[in-house]
Structures are given as structure tokens and as C-alpha cells.
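Reading through the C-alpha cells given below for one structure.
Think of it as A, B, C, D and E in the order they're written, each chain with its own count starting at 1.
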Amino acid sequence: MTLEVDLRHRLGDFQLEVAFAAPPGVTALYGPSGAGKTSVVNAVAGLLRPDAGRIAVGGEVLFDRAAGIDVPVRARRMGYVFQDGRLFPHLTVRRNLRYGGGAEGFDAVVSLLGIEGLLDRRPARLSGGEKQRVAIGRALLREPRLLLMDEPLASLDARRKAEILPYLDRLAREVRIPILYVSHAMEEVLRLATTLVMIEAGQLTDSGPIAEVLERHPVPGLVAPEGAITVTGTIRSFDARREAEVLTPLGPLWLAMVNGDVGDTAACLIDPRKVVLVRGEAVSSRNAVEVTVDALRMAGREVTVGLKAGEAQFSARMGIERAKPLDLAPGRRLIAILDPQPLLDGLP
Amino acid sequence: MTLEVDLRHRLGDFQLEVAFAAPPGVTALYGPSGAGKTSVVNAVAGLLRPDAGRIAVGGEVLFDRAAGIDVPVRARRMGYVFQDGRLFPHLTVRRNLRYGGGAEGFDAVVSLLGIEGLLDRRPARLSGGEKQRVAIGRALLREPRLLLMDEPLASLDARRKAEILPYLDRLAREVRIPILYVSHAMEEVLRLATTLVMIEAGQLTDSGPIAEVLERHPVPGLVAPEGAITVTGTIRSFDARREAEVLTPLGPLWLAMVNGDVGDTAACLIDPRKVVLVRGEAVSSRNAVEVTVDALRMAGREVTVGLKAGEAQFSARMGIERAKPLDLAPGRRLIAILDPQPLLDGLP
Amino acid sequence: FAAASLKGPLDQAAEAWQAASGHDVQVAYAGSPTLARQIRQGAPADLAILAHPRWMEWLADQGVAGAAEAVPFLSNRLVLIAPGEASAAPLTPETVATLLGPDDRFAIALTDAVPAGIYGRASLEALGLWDSVSDRLLEMENVRAALALVARGEAPLGLVYATDALAEPAVSVVAELPVDSHPAIVYPLAVLAETEAADAFAAYLTGDGRVSFDDAGFLRPGADDL
Amino acid sequence: MISDFLGPAEWEAVRLSVRVSLVATIASLPLGLFVAYALARWRFPGHGLLNGLVLLPLVLPPVVTGYLLLILFGQQGVVGAWLAETFGIVLAFRWTGAAVAAAVMAFPLLVRALRLAIEAVDPGLEEAAATLGASRWRIFWTVTLPLIWPGLLAGIVLAFAKAMGEFGATITFAAAIPGETLTIPSAIYGALQVPGQDGVVLRLAVLSIVIAMAALAVSEVLARRAARQVAGG
Amino acid sequence: MISDFLGPAEWEAVRLSVRVSLVATIASLPLGLFVAYALARWRFPGHGLLNGLVLLPLVLPPVVTGYLLLILFGQQGVVGAWLAETFGIVLAFRWTGAAVAAAVMAFPLLVRALRLAIEAVDPGLEEAAATLGASRWRIFWTVTLPLIWPGLLAGIVLAFAKAMGEFGATITFAAAIPGETLTIPSAIYGALQVPGQDGVVLRLAVLSIVIAMAALAVSEVLARRAARQVAGG
């Protein structure tokens, strides 16, 4: 089941124009505040009627301006976690959860979200994060064919996130429903998403498999570290801790927190400042690569060292006093210890 | 000016009991969802009247149950960024911003928050993140003697956060007002906070300077990596990129994103899995330490290497195939490259 | 259906007749115009007693059966009243002026709409008193309201039916207006339904039943009044 | 008939008034809800007209309203004749007519209260219900209606109180036939016509106040309970 | 006096009605706001009593209310005598008295609408204003009042319409003095008493409807504009 979106809409001065496809699994909608993410989600849910366009799920057309099709909201069978909660204030948590149906899986969802103790309270007596969890539960229990999640974890603590994320991950994989996921937290996006849709100021910047998009637009919304390169490769295996061995032009690299399966593409970023050069015989790191010094460049009190590993090229950068003991010169063979970032670390 | 809080309050089944002091600078209120953070903030703002206790700012008592003092909300001069926004729906953004006074600094705040284009709109036409920015602006323009920020950046994108955080940072340092800052995002907390107040289920877990608290409770809300140790030291200098040189028992370590000034205490975490051992002469890392192998322990396909650096002890862990080329044996001298975490990376 | 102003004595008469004849009587009171309109719209009224002939004439014009055969049932007369214990006074503009005082007002029913007001105005005009009160009128919804004003002392002088003055102990009669100073006051009665009971009750009212109305101060109309 | 004590006739008026007011209030609720919902949520041609029409009974003197009712629904009236022929329903001069008059007079109050309440409901919540698969009908019953509960109660109390106090239209349209349409206000009117009946007036007035206050108290308790639940208190 | 055309007397009634209704509505606004705010937001002894008292004029037949007003505010009345002595204010039989009667009759409608609206205001917004340093008074003017704007308009329209249609209490308390207290409803009543004056009745009724509808239309436009701003449209 795939969600296809193609829409144009005007909101005051704001012009929205996006087209993308979201296959089963998690599709992250990523973009700065005010980019139009919520508007897209609303259009998919049927709460915003685009001026033009077409929206379909698994071949079923939900909206087609030209053909005059507009399936009513209630018949779209989507679980929507709203950015602003929207719990029913007059109903207890339990009845909020049950509103969309789904006695099935009730206990599992409730315990996943840790809201067992809140079932008989009304929303006014919940904390911000508790409300958000109930809203997630309500959407999950709807048994949707598509999940729309607008910053669902924004006010949850790390531990709770760490519990819910794998669940969503599993849900997307096992039930094979598309999840449209709006988030500003790159960790979440990287952890969950297989597809990435980037929008800015209402316009689609790029969309597609996450690794490809990130390769084309390295660290969305952030200036990539100076001189950083993106390295892409194919996943060969996973270890016991689900770190992925990725075959890259630099050799096999091990990445933590990668989505996808063996055979999928994964991308990472090599920040020259995080490359450690070693003059020695052996290192214990799995991400060590034998390199030859290619060129040296000085800038201020820093040295940038151009490196070659087979055909591939990258660089390392360090303070001048660090470079001295290495006795650097073009042609010298060294070991480079890389710290490949699945674009997860290093974000402010 | 210091904020002193000591309160006890009952909300249904929930019992809140905390006491802490927040000096000028940012004090992070950290704890899982439902821990009572918003309740504490509300009590400071005067929106919740505690059953018992005392609240004072810079010596002025705002609330003292026993003494019958309860300064009215409007006279407390606090800028409160609510978890749920609370913009005035009938006023334009401009008039929302001006509500608390402060023509002064208006343009600066508006451009900091990137809301120049929204000034004549009403909140209903703003996106989630835009609302949040306006709410921040409204509180800042109040010229408060205390800022209360309840997850103010939760729905902002990384770039925007990266712009606002330094501003708050500066504000806290320059104006020397206490900022009580609720957040689930460890990066934000580490970036901003000088003081950390940890609460869980309504009870104070710990409070004090952030480094000390994190030393006593390493990674709040998260299980620390197995075998990790916390290393504390004194900040000796900052480099051009504001990385701090911290004098630790292991020798000088360079940490990124540390709060505080020269002479302050800073803490970091050494994860054995991230320690790279090198058999060789020189490395380019600033965080390299000469070590002696003390002991070897095998577990499954992993080796844990006990290490000594002067008096200090720590360990490294690696897959057995990584250990082989190092030719490990007690007494062998190696270089260890550390990846000291200011508890910033590695959080999910 | 009967004019509201008849309520007291008519209730008594109805009760008495009910006891005597075993028939069940229900009297619905309202203002004459309302009654007339209701009857016109087919209200289930067997008998109608109105406070002024004109609405009965209107019913007759509208072709309501029985209205044309209405008979004058009761009559009444007008009196000037004052609050509390007041002594009788002659009907001159001066007395009226004295009694009214410099800035008080004269209570009366609506002078161009309600029977008591219409009769009253005619009478006052005939007596040459109209000019001394015409710009100081307190025109009320009905004569009872005018009576209440005087009884409460809100107006020092008012014009009501003699029957009203008699029933309200808080006022006293200052002067009786001559009967010939205004068109005869007539309460017409019409039998609208050709039922035995209606005829019987009408007969009772115009016969033995009159006593209660006499007690209340109503007059018997002259034969030529309608 | 109205004795100096609260005689059987007075009791009858009280019982009748309560019955008429209850029936008027309850019977006008569904239409009131519908009209209020339509006015609050829909834009349609005739919106303004409907809005004005609802307000009419408030603007016109009650007697005029009663007279209009009589002309329309009387046995000779356009609608009245049709009703009588088709369904055998006669309203004029029956207690049902009194209820109709009371309902019409109370309708503006009911609709306004309901409309205000409906307009205050966050459409976002109704949208949320729709995404959860609820039909319009279900949304109305499970979201809108519970959320306008305070307004509904306010409207009911206003309508009931108005119905208890309604006189002009009732006596004009339904007359004041003892046991059938002689409500408390009509009885008070009657008593006012007879000097010295102030006691009766007072008793009846107090009674009708007590009844209305009881209704008010019940509504306050219900509204407060609902408010406490929603507000978290 | 009531001619067959819309003579000067009729015009006078119309002008008077509008003036009385406007004054009644505007003058009762501050008190209405205060009472509604108190009922909605404060708990105090006598809360229930006040609540009931406000509802009274709705429950009692207008004539009784008018009579009570007369007893209280008449020149012989307790309050009336005091007012007259102390301030030289006389209400009975003045157009001000008619305004008072209309205001009293309209008060329950005004207060209910305002109270509903005030209860619907999110106290969180008022709290936010307080944290921004606003006094209670400023909060009321800058937050509460603008947010209850639709309710305020609804209340004003209801009250104005009711005042335009008020008859029983007005005539009882203020009589029907041409040019002073002879409002449209009193004129209509007078015309109804005379056979064949249906034309006058119709003309006056239509006029008063037109005026009320105009008020309604204005309020709708204002309310819709406010709603559009707040809802984002």
C-alpha cells in the first residue's frame, strides 16, 4: 500500500505545492517550521481540501479535484496524531482511546504508552506528555490503513521515546502500512524513516529513499561540517547490537542506528575533524582504514590532510600541534580511524 | 538573583515535593513525562498555589504558605512560555508580542525568531512552530526577572533551535536572570543549563550544578552504557571553537559543547566501546592518552581491556577479532583514543 | 368566555348555577378583543360576555352565529376615585386640579382603546374636565391597572368603574360621573352555541344569577341600551 | 373558583403550567438544536431569514404573536385547518396549544443559548472525531452535544422559565380555560382582575418561582459537574 | 391618537421605543457583564440567590414584574421614594421608567448569554495575560471581553429585541403616556383593542420587526467578522 500525494493549495500568502509517494514504512516529512508539513498531513486526512491535485492510497483515490472525488474524512481510515493533541475533553482517557474502535490491542497499546494509571482521568488532568501519549494511542487503536503523525514525540522524554520508536518501527514493517511522520528531531527521522520528504516554504525540495535524499541534501536544515563528505554503501550484515556493516568505497564501515535491511543503501557522513590519524601498527577500531597521505594544506593553526584509500578520497583536519608527531608528508601510509555519522550525532 | 523553590502539593493521586535553588543562568528541569515539571513552573508563576512551601526570587518572597504571602501573578514579573502556547487568538502576532510591554528590543526579538512576516496575522493562521516562536517572543519582551520556559523549542526545527539557543544562552549570562527551562532534549539541556534539577514522579532526584548532578546520576532517564565511567575535571581553557580543555585524572581532555567558564567543573562519560586502542607511535587526536594494559577479560566474542593512565583506571571493549592485531597482554603500553561524551551524543 | 373584569361575580354565579343545575361550567376570562378574535377563530365558546358592544358588533359583522342576537346584560357607571379615605367633591375643573396637585397624574384606562377609557374620556369631555387632565393622563392597559395605581397612591386621582371602586377598599369615591355624560356602558351577552345548557346558563345569568352582579355593584342596563 | 387557599383550581393551574412548560421545552429541543446548529455551522440561503424568524417572538408583543398563532393554527387558520383535517390535531384552545405558544415564545432563548454554545465548540475536536471514523451523526451525539451541555442546560432553563411565565401569547392563542389552558400566569392575571386577591397572586407567583428555581438549581448542579470534569478542577 | 396612517403619534412611539430599548440595553450592559462574570467565575454566598433573582423576570408574568417594580420604584415605593428624595430621580411614568422596565425584563437574557460566553473563555488565556503583568481589569478589557464578543453581541441583540417587544411590565410600571412611555407594543396593544385597527397593528409590528432585524443583521456581521479573525477562516 502506497500513499501518493500531489497537491497545490493556497493559504493566505502561503503557496503549497508538493508531490511525493510514501511506500509502506515510515515516510518522514521534514522541513523548517512553517514549511507546510501540517498542511500536507491535513490534506491527506481530508481536513484540508487542496485547490488542485490528487491523493491516493494503495490505488484507491481519496481525492481528485479534476475527477471531483473527495472521500469524506471519516471514510479515509487514517490514524491522525494531531500536532495540537485534540483529545476529547469530556471523555476519560479510556473512552478517548476507544473512540476510534479497537478493543483489540488495547492493553498492548496502553502498556506500551505507559498510561495504565490514567485510564479513568479526563484530559484536563494530564500532563503535556501524557496527553500526547493518549493521542498516539487513540490513533493507533483506530486500526488505520495509514498513520499520520504530526510531531508525535515532541514532548516525550528520551526513555519514553526509546520505547515508542521501536514499536512504530515494527508497526511500519509488520503491518506494512505507510506512516507519514512529521518531526524536527533528526534522530527520530533517521531511526524510523525509510523515505524522506523534504519541503521548504511550501515547495518540495526532494523526496525518495532516505539515504538517497540525504546524499543529495546532506544534513537537511543544517550546514554540513566544513569539508565533510557523504559516503554511501550497501548494508552487508548486522551484528548482535544491530550495528550495520556497510560496504563503502572506503571499505566496510560499521554504522549504528541504521534503518533498512541487508541489501539496502545506507549513508553516512565523514567529518574531517573527527578523523583520527595513527602512525602505528594496529588499532582496535572497526572503522579503521589504511590510507596514504595525498596532500597537505595549512590554514591558520590547522592542517587539512588529503587522504586516499584505494580509489576513494577524503580528508582529516587537526590542530598543527597534533599533526607534528605524525611526521606528515605526501605518500606516507597511515591508519585513519573514522567516526562515520549516520547523520545522527553532531546535530545541535 | 536566585530563585529558591520549596514546595509540596497534591494533585489527585499525584504528590509533588521538591526543593531546589536556581541561580542566574539556565536551570534545567528534567524528568520524564508526568514528573511534575509543569506543576513546578506553574507554582513559580503563581498559577498553582502549593499546599505548603516557600518560593523566593533574589530574596523577595513570592509565596510563603506559613507567612501567608502570595504575590499575585501579575506582580511576579516572569516571562512564561507555556507548554500549550496560549497565544491570544483575537490579537495579531504584533499585539500578542507587545502585550507584556517591551517596545524595547522588539525588532531584535522578532528577527531572532524569524517572525517578521507574521506580525499582522492572528494565531489561527500560524503553524505549530510559528506559534511557539511567538510565545517565546512574548515572554522575552516582558522583560522578566525570571524566565519560565516549558519545552519552548519542542516543535522547532534544528536550524531555528540553533539560532535561538545561543540567544537564550547569552540572555542568561548577560542579563543574569534565572531561566527555568523544561526540556526532554538532552542536547538542549547540556547546551544551555548550568544547573540541573531532576525530578521523577513528583520527587526531587537531585539538583545542583549540572556536572555534579550528571556525575551522581550519569545519563538521566537512560541506562548508561555498560562499564562507562564518568570523568570530572576543571575547565582550563576554551579554544576558538569553544571546545573546552578539561583537566581530568586521565589527563587533559577536550570536550565540545560544555557550559560554564574557565575554572568551572565539567563532566564527561567514557564509554568503553568507544575507546580505540592503538599500537603505534603517534595519533592526531587531542584525546589520546598513554595507557598500560592492566587486565584482560573475555566475555563471548568480546574482550574488555582494563587500562591504567597514571593513577586513573578505565577500560576499553572490542570484538575479539579487533583485539588480536594489538597483541594484548598485561603491562603492554598503548595509546588509547577516547571519545569523551559531554553526555550529549549517543542519546536516542 | 367572559371579559376579565367580570371575574369575581361571574365565578360566584357560575358556581351557584353549577351547584343548582349539575352542569359543568368553565369560564375563560380575557380581554374583550382577545375573546372576540378567539371566537371569530372558532373558539369553543358557548356563551360570550364582552365589556363593550363594539366587539360584539364586530362579531356580528363577521357573521358569527348568535352575536347578532346579543342582549345587554349588565351596565356600570364611572367614578372618580382617590387613594385612602377621601371625601366627596364636586365635579369641577378646580377640584380636579386641587386633587391632582401640581405635577401628579390622572390614572385611567387607555382613552382611545379600552372601554373604561373611552367612556371616561367622553364623560370628562362632556363635563368640561377633559382639558384639565388630558396632558396629565396615566393611561393604563386596563381599568384594573388604573385602579391599582390609585390604590398604591401612585396617582392621586383616577377614573374607574363604580364596581372596581367598590371592590377595592384602598380607594374611595370622590365623585360619580353622571350616567348621561357618556354613552351607556353595556356588557352584551350572546349565546353562541345552540345548546340547552348554554341557553339555561344564559337564562340563569339574566335571571336569578344577577344577584351576584348586583352585589358587585353592576347595574342592570336599560332596555334600549343595545 | 380560586379560593383564598391554594385550592384545587390553583393546583390544577400549577400542574398544568408545569406540564405545558415541560412539554414545550422538551418538544422544542430537537428543532431548537437543529436550528441552532444550522445557524451556527452552515451557510445557506435564507440564513439571515431563519435567524430573524427565530427572533420574532421576542420582538413582537406576546399578544401579537398569540394572534398570529391563532390566525395560523386556529381551526380556521391555514395550517390549523390542514392539521385538523389531515391528522386530526387541534391546537387552539387545548393545552397542546398552550404548549405551542410557550414553545414559540421560548424558542428564541433556547436557540440563542444553543447557538452560542455550538459556536464555542472547537471544530478541531469534531475533525478529530471524523478522522476516527465517526459519522456526522455520531460526532454530534458524542462530541458536539456533550461539549454544549452547559449551553443546553442554560437554554433549557431559560426556555422552561419563559414557558412558566408566558402569558400573552398563551391566553390569546389558547385562552384561559380552566384545567385545559389556564396556566399559572393566566390564573395570576385572573386574580389580578379581582381586588383583594393579592394573596392568591402572591401564592401563585411564589409557586412558579419555586418551580423555576428548582429547575435552575438542577441545571446548575448538572452544569457544574460537567464543567468540573472538563476543566479538571 | 393612533391614526390610520403612520402618523406623528406612531412615529413618536417608534422613536420612543428605539430610544427606550437602546438605553435599556446599553445601560444594563455593565451590570449585566458584572453579574454574568460573577456568576460564571466566582463562588460566593448568595450565588444561587443572585442566579435565581436574575431569572425572576422571565418566570413571572410581566404584569407582576411591572407591579413589583411599581411597588419598589414607584413614588410611594421604598426605593422610589428614596431615589426621589436623595437624587430627585423619578422613574415611574417616565421614559426612564419604561427603560428600567425593559431592562429588567431583558436582563435574564443578557446575563445568560454573557455568562455562557464567559464560561467558554479559556482561563488559561487569562492566566497568560496575568503572567504578562496585566491587572484583572486589563485582563477583562483586553482578553475576556474581546473573547466573549460573540456572546456579548448575542446578548445585546436578545436584550434589544426583548426591550422592543416588552409591554406588560412597561405599561404597568410606566403607563402609556404618549411621547413619554407609549412604546410600540403599547401602541399595538391600544390598536388591538379597537376593531378594524389591524392595519395599524400590522404597520407597527412590521416596523418593530424591521428595527430588530436591522440590529440582528449588524450583530451578525460583527460577530462573523470577529469569528473569522479568531478562527483563521
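Keep this in mind: a contact is a pair of C-beta atoms (placed from the backbone, for glycine too) under 8 Å apart; a residue touches a chain by one contact, two chains touch by 3 or more.
Computed from a predicted structure; not experimentally measured.
Trainee: Within the chain touch network, how many edges lie on the shortest path between subunit B and subunit D?
Mentor: Steps on the shortest route: 2.
Trainee: Which other chains touch subunit B while also touching subunit C?
Mentor: Per touch definition, common to subunit B and subunit C: E.
Trainee: Shared numbers divided by all numbers used: is that above or below half for subunit D and subunit E, i.e. same or different?
Mentor: Same-residue interface.
Trainee: Based on the averaged CA atom positions, which chain is farthest from subunit B?
Mentor: C
Trainee: By number of C-beta pairs in contact, which two chains lead?
Mentor: Greatest count of contact pairs is found between chains A-B.
Trainee: Suppose each chain is reduced to the average of its Cα coordinates; what separation in Å results between subunit A and subunit B?
Mentor: The computed centroid separation for subunit A versus subunit B comes out at 24 Å.
Trainee: Indicate the whole-number Å distance between the mean C-alpha point of subunit D and the mean C-alpha point of subunit E.
Mentor: The separation of the two C-alpha centroids amounts to 20 Å.
Trainee: Just curious, how far off is subunit C from subunit A if you go by their C-alpha centres, in Å?
Mentor: Each chain reduced to its C-alpha mean, subunit A and subunit C end up 92 Å apart.
Trainee: Measure off the straight-line distance from the CA centroid of subunit C to the CA centroid of subunit E, and report it in whole Å.
Mentor: Taking the mean C-alpha position of each chain, the two centres sit 35 Å apart.
Trainee: Tell me, which residues of subunit D touch at least two other chains?
Mentor: 63, 67, 189, 192, 231
Trainee: What residues in subunit B touch two or more of the other chains?
Mentor: 84, 125
Trainee: Can you pull out the residues of subunit C that are in contact with at least two other chains?
Mentor: Nothing qualifies.
Trainee: Which two-chain combinations qualify as touching?
Mentor: Those chain pairs satisfying the definition are A-B, A-D, B-E, C-D, C-E, D-E.
Trainee: Would you pull the subunit D residues touching subunit E in the complex into a rising list?
Mentor: 48, 51-52, 55-56, 58-64, 67, 108-109, 112-113, 115-117, 119-120, 123, 150-151, 154, 157-158, 161-162, 164-165, 167-168, 185, 188-189, 192, 201, 205, 208-209, 212-213, 216-217, 220, 227, 231
Trainee: So in the complex, which bits of subunit B are touching subunit A?
Mentor: 11-13, 31-38, 83-84, 117, 121, 125-130, 132-133, 150-151, 154-162, 165, 184-187, 191, 221-222, 275-286, 288, 316, 318-319, 322-323, 325-327, 335, 337, 339, 345-348
Trainee: Considering only the defined contacts, which subunit B positions touch subunit E in the complex?
Mentor: These residues of subunit B touch subunit E: 45-47, 72-80, 82, 84, 86, 88-91, 99-101, 122-125, 138, 142.
Trainee: For subunit D, which residues are in contact with subunit C within the complex?
Mentor: 1-2, 63, 66-67, 70-71, 74-77, 92-93, 171-172, 175-182, 189-190, 192-196
Trainee: Which residues of subunit C touch subunit E in the complex?
Mentor: Subunit C residues touching subunit E: 31-33, 36, 54-55, 57-58, 105, 107, 110, 112-114, 137-141, 145, 148-149, 152-154.
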